[in-house]
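Every chain is named by a letter (A, B and C) in the order it is written, and numbering of its residues begins at 1.
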Amino acid sequence: MMELLNLIAPLPRTIANSATDKALDIVKRFLPNSIIHGFRTGSKVWTWTIPKRWELNKASIKAGGKTIVHSDWSILHVLNYSVPVQGNFTREEILKHIHTIPSQEHAFPFVFSFYKEQWGFSIPHSWLDRFSADTYDVQIDSKFEDGLLNCLTCFIPGESNQTFVISSNICHPLQVNDSLTGVAVAADIANRLSRREKLKYSYLIMVVPETIGTIAYLANNSNLIEKCIGGFFSEMLGTNTPLVGQKTRKGITYWDSILVNLSKYGASKFKIVDFLKSAANDEKVLDSPGVNIPTISLTRYPYSEYHTNRDNMGIIKEEKLREARNILQQIIDYAEEDYVPIIRNPGPIFLSGYDLYPDWREDPSLKPLWDSFLDVMYSIDGVHSVIELANKKNISIEHFFYWTNKFHEKGLIQKKSFIINKQNEKNQF
Amino acid sequence: MMELLNLIAPLPRTIANSATDKALDIVKRFLPNSIIHGFRTGSKVWTWTIPKRWELNKASIKAGGKTIVHSDWSILHVLNYSVPVQGNFTREEILKHIHTIPSQEHAFPFVFSFYKEQWGFSIPHSWLDRFSADTYDVQIDSKFEDGLLNCLTCFIPGESNQTFVISSNICHPLQVNDSLTGVAVAADIANRLSRREKLKYSYLIMVVPETIGTIAYLANNSNLIEKCIGGFFSEMLGTNTPLVGQKTRKGITYWDSILVNLSKYGASKFKIVDFLKSAANDEKVLDSPGVNIPTISLTRYPYSEYHTNRDNMGIIKEEKLREARNILQQIIDYAEEDYVPIIRNPGPIFLSGYDLYPDWREDPSLKPLWDSFLDVMYSIDGVHSVIELANKKNISIEHFFYWTNKFHEKGLIQKKSFIINKQNEKNQF
Amino acid sequence: MMELLNLIAPLPRTIANSATDKALDIVKRFLPNSIIHGFRTGSKVWTWTIPKRWELNKASIKAGGKTIVHSDWSILHVLNYSVPVQGNFTREEILKHIHTIPSQEHAFPFVFSFYKEQWGFSIPHSWLDRFSADTYDVQIDSKFEDGLLNCLTCFIPGESNQTFVISSNICHPLQVNDSLTGVAVAADIANRLSRREKLKYSYLIMVVPETIGTIAYLANNSNLIEKCIGGFFSEMLGTNTPLVGQKTRKGITYWDSILVNLSKYGASKFKIVDFLKSAANDEKVLDSPGVNIPTISLTRYPYSEYHTNRDNMGIIKEEKLREARNILQQIIDYAEEDYVPIIRNPGPIFLSGYDLYPDWREDPSLKPLWDSFLDVMYSIDGVHSVIELANKKNISIEHFFYWTNKFHEKGLIQKKSFIINKQNEKNQF
C-alpha cells in the first residue's frame, strides 16, 4: 500500500486534469483488471453537470516586483479551480482572496471552488507580513477545458452478481491521508479478493473524483445499482488518530450489524457514529434516495492535518493502514462466510457427548467462549443467518461462528446458504 | 371572537335549557351555514340516556326571614340540575348541601349533578358566617321538562369527504374560558375555511353540550363516523396560562405528528401530554372504542378560575385566543398542503446548480435551514408524505415544506397527492 | 404437599435407580391418572444418550483401619454416578477426589458427574482434619446397569388439545427444596385441575429426572410438542427466600404477560429475570430451538442450602409452598378465564346509568379500581384479549377482569372466546 501512496502523492490531482489521469494510470498498474471510464465534461448526470477539466500553468502574486506567492512552490497555494486572473489589485482587494489558517501559523489550507467561479490563494498565516505593499500584481494562468472526467473501476465477479461496492477518492491535490489512503486500502483488498478461488458476492472497487465521479459513473451505469447490496466508503485511514465507523443511512442494515459487532468484539475496537456524522462524502451519493446502496464507512477523521499542506506522506503509518484494511477484510470475510445454521435435532446440544465442552475451569481463557455457548445455542432459529442472529442477540460474530462451525463439524447442524439481496427499499424508482 | 364571547357569556346555559338554545342561535348568526339538531330527552343514545331539560325559576335560602343566598345574584349559587326543594332544614342538614372553595375565600364553585338526583347551593367560603341560625327556609323552584337537547353543527365540504372534526362545548353556565373560548376558536376557523377556494378535506364543526351532545349527535349520525379521519377538541383557550397539547388515544397518528412537531418547532412552543391527561372531555367520546376518531386537543388548562364564578370575561385575553386559533389553523394548513415528494433523479440534489444553496455564511439566519437540508434530502423516500417524514426524522415540518417546495419549483420533484384515510383501526364494529 | 415431601425426601434418588422408581410410584399415588414411562438406557434421544442406571451398594474411606467417611452416614458423601473404585491412595491422590464447601464448615455438597467418568467423596470442610495419614483404603461399590430411565406424566384433558406443560424434577438425592417442592406444587395443581368441571386448555404434568428426562420423554412423544402452547417450570419453591419469576426465551409471550403482570399487581410481588437467568434447568429443553414451548419459571433460588446436605425438610415452610402454588394457580386461572371483550355500543360506557360507578369518595379503597376504569375503557379494541390488553397497557389483569366482567353482567359487552395457539415460531422443523 505504501508504494501506491508514494507514487501518487506528489501529483497535483483534482476533479479532472492530466495529473488525475496519470494517478488513475498508476492505480491501474496495481489493479490490472480495472477499467478507466471517461465522462464528457458538460454532460448532465442526474441533477449534476460534469465540470470542465482544469489545468494550471502557473500562478503568482508579486509586490514591488518581488514574487511573494508562487504555484511552483506548491500547487496548494492556488485555490483549486481558480478562474484565470491577470491584473493589479489593492491590498484590500487581494486580501479578500487570501486564505490562511490562523490557528496553524505555518500550514496553509487546501481550498477549492468547483461549482462557483472564484479565484484565490492559500498561504501560511505568517506570510501575511509579506502583504505590506499597496498594490499587487496577480497572475493566475489557468485553463478550463472540455474533455473527459475519468474514473477507475475494478469488478471482481463472484458466484452471485449481488455486488458490494468499495468506494474511494483520488482527487485532492497532494493530499495523502484524504484520500489516497482510502484508494490504497481499496486496491489492496481488490487484489486479495482477486486471488480468492471462490467468492459468494461480486465486488466493485471505485476510484473516482469525489461525489461527481460517483454520480457520473452510476448515472451512466444505472443498471448496476440494482445489484449493489452494500457499500464501504474507504477514506482517511493512515494517521495515528482513532478509527470511526459510520453507519448506513438506514442504520440497521446487515452491513451495520457487522460494523457494529466488529467495533465491539473485533481485534480493534472503534467508535460508531450515525450516517453523515463522520466522512459525509461519496456515501452521500451511494446511500442517497434513488440509489439506496446501504454504505458504511471507516475513517480516522478528524486529524489536525486535514485539508492542509501537512496532509502528506509524513503523517502516514503503514500499520494504521493495515489495521483499517484488516477491518474491511474482516467485514467481507464474515459476509462471505455467513450462513443460516439449521439444527438437525431439537433441544440443547449435548456438548459432553460430542467433546465440545470448553473446559474453562482448566483453561480460563476459554471462559468467554463458554459464556457465549448458551447465547448462541438459544439464538439459533433456523431462519436467520449467523450475522443476523449475532446482531439480534448482541453476541460476538467470531464466537457465533466458532460454535456453529463446531456444530457443523460434528454433523449437528446444516449450513443453509445465505445471501443478502437488495432489500426492499425501492421507495424511489 | 370576542364579540361571540360577549354575547353568549351572560347566558345561564346548561346541558339543555332555553338559555342554551339562545346561545346556539347566536352561534348560528356567526356561522350562517350551520344546522341546529334537536334530540328528544329520554331517548337512548348508545349506552346513555338524554337527560331532561332543566329550567330554574329561582332558588333561595332564608334564615330568620332574611335572604342569605339567592339565584338572582348568580345562577351559579344553585347546584346545576338541582331537584325542586321547598322546606325547612336544620343547620346541620343545610350545610351538607352547601359547596364552597375553602382555598378561595371569595369565589364560589360551579357545581352540578346531571345524572344523580341532588340539590345544593354554592357560595363563597366567607359566607358560611351567615349560617348561624338553627333553621333555614330553602326554596329551589326548578323544573325538569321533556323536550329537545340541542346541538349545532357546521359542515364545510372539501374535495374529499374524509372529514376533520372540530369539537367544542357550550354548556357551562356563565363560564367563559371553559368553554366558550373553544366555541369562539372553532367558529372563527369555520369561517376562515368557508372562505377557502379549495379544501382537500371536509370539516365538521360541532358546538354541543359536553359529552352527551357529542354522543347524541354521533349516535344519530353514525354513518358520519366512518368518514371522520381526525379531530380537534377546542377548549379553555383564552387565559394567560400555558398551552398544552394532548395526544390522541393511539398517540402516534398523523394528527399527533403535526401537534408534536408544532409544539417543538412552531411559533408558539407548548407542552405535550398523553390522551386524557389534560382536557378529558369530548375527545373521550370522539376517540373512544367504537368511534375511533383520533382526536388531539389544545387547552390552557389548568387555570385557577376553573369551574368558579371567576371564569368570566375578565380573564380572557384576545391575543391568547388568537395564538390558539393560529395553532389550529397551522395544523389544518399543514394537513391541507401535505403531499408525497417524489424525486425525479437519484442522488443528492445539486443545490449550487439550481441556485438553492442558502448562503448561511453571509446570512447566519439561514443556518437552521441549511442544517435541515441534509435531514430532508436523506429522508425523502417516495412513499411517505412530508408530514410523515418530518415526524419520522424529527425535522421541522416548516423546513421540510421549504425544501420540497423549492425542489418542486425547480422541477426536481413531483408532488404526489396525499390524503389520510380512516386508519385501519376498525377493531370495534 | 408436605405429605408428599415427607414420603419422598429420604429416598436416595438420582437420574435412574431403584430409589427414583420408588419415588415415582409415590407420586403416582397422589396422581392416580398418571403414567410412568420407561426409556431404555443407552438409547439415543435427539443429540443425547440415556445414561445407565446407577446403584450404590456402599462406599467408604478408611485410614489406618478406621472408617473416616461412609455412604451409610449419607449417600451425599459419595459423588453421584461415581465409577467403582477399590484400592489404596496416597494423601495427595485422595484429596483430589474430596469435595468440601470451605465457606460452610459443617455442610457438605451434593456432587455428581453424570456424563464424565469420575469418582469422589463429599465431606464437611472440618473433616479434612481426618486426612492426616499417608495412605487411604478407598472402596466404592457402585454398579452401572442397563435398564430403564423412568418418567411420570399426568395428562388432564381440556376442551382444547392445546396443552400447558408443568414440569418438575425428582432426581436430586435427599434434596428437598431442589426440587421435590416443585413436584409437590405440580402435583397439587394437577389434582386441583382434575377436579375442575371445565377446562379450556389441556395440561401435562411432568415429573422427571432433570434435563435427560424431559429430552427422553419429548423425543419419544414428539407429536406432543406441536400442541404445547406454554410451559411452567416449577422448582425450589419451599424456602424463605424471595420468589423470582423467569421469562420465556422469547420474553414477550402470552405467558410472560401474565407472569409479569402478577409480579407487579398480584397478591405476592416478585422479581422478574430474563430466560436462563434463574433456574436454567428443564426450561432449557422445553424452550429450546426445535422444541419452542415458551416456558416461564418460578423459583426461590438462590438459597444458601442449595446443593448441600442442608437442603432437607428443615428448611421447607408450608406457607411458602402455598404462596408459590397460588401464583401458578392464578396464572392458570387467568389463562382459563381470558376472553376478547367486544363492546356492544360505541363510546364510553355510561357508568352511572348502569350503577357501575365505584363511589371511591365514600369508600377510598375503591380508588385504584376507579383509576383503572379509564385505562380499561380506552384499551378495549374488539381484537385483543383481556390479558393481551392488560399487558399492552400495563393494567392489572385483576382490575381488567373486574371491569369487563361487570360490563358483561350488564349486557354491555360480549365475551368472545380466546385461546392461545402455538405461535408461529416454527423456525425449526
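As a convention for this text, contacts are C-beta pairs under 8 Å (C-beta built on N, C-alpha and C of every residue); 3 or more make two chains touch, one makes a residue touch a chain.
All values reported here derive from a predicted model rather than from experimental measurement.
> Please state the rotation angle, between 0 and 180 degrees and to the nearest 5, that superposes the Cα atoms of chain A on chain C.
Superposing the C-alpha atoms of chain A on chain C needs a rotation of 120 degrees.
> Taking all residue numbers used at the chain B/chain C interface, answer same if over half belong to both copies and different if under half do.
Under half of the interface numbering overlaps between copies: different.
> Please compute the C-alpha centroid of chain B, do the same for chain C, then give the distance between them in whole Å.
Centres of chain B and chain C (C-alpha means) sit 55 Å apart.
> Residues touching two or more other chains, restricted to chain A: which are they?
If we look for residues of chain A contacting two or more partner chains, we find none.
> Within the complex, which stretch of chain B touches chain C?
46-49, 115-116, 215, 218-219, 222, 225, 249, 275-276, 284-285, 288-291, 427-429
> Could you list, by residue number, the parts of chain A that touch chain C in their complex?
342-343, 345-350, 352-354, 374, 377-378, 380-383, 412
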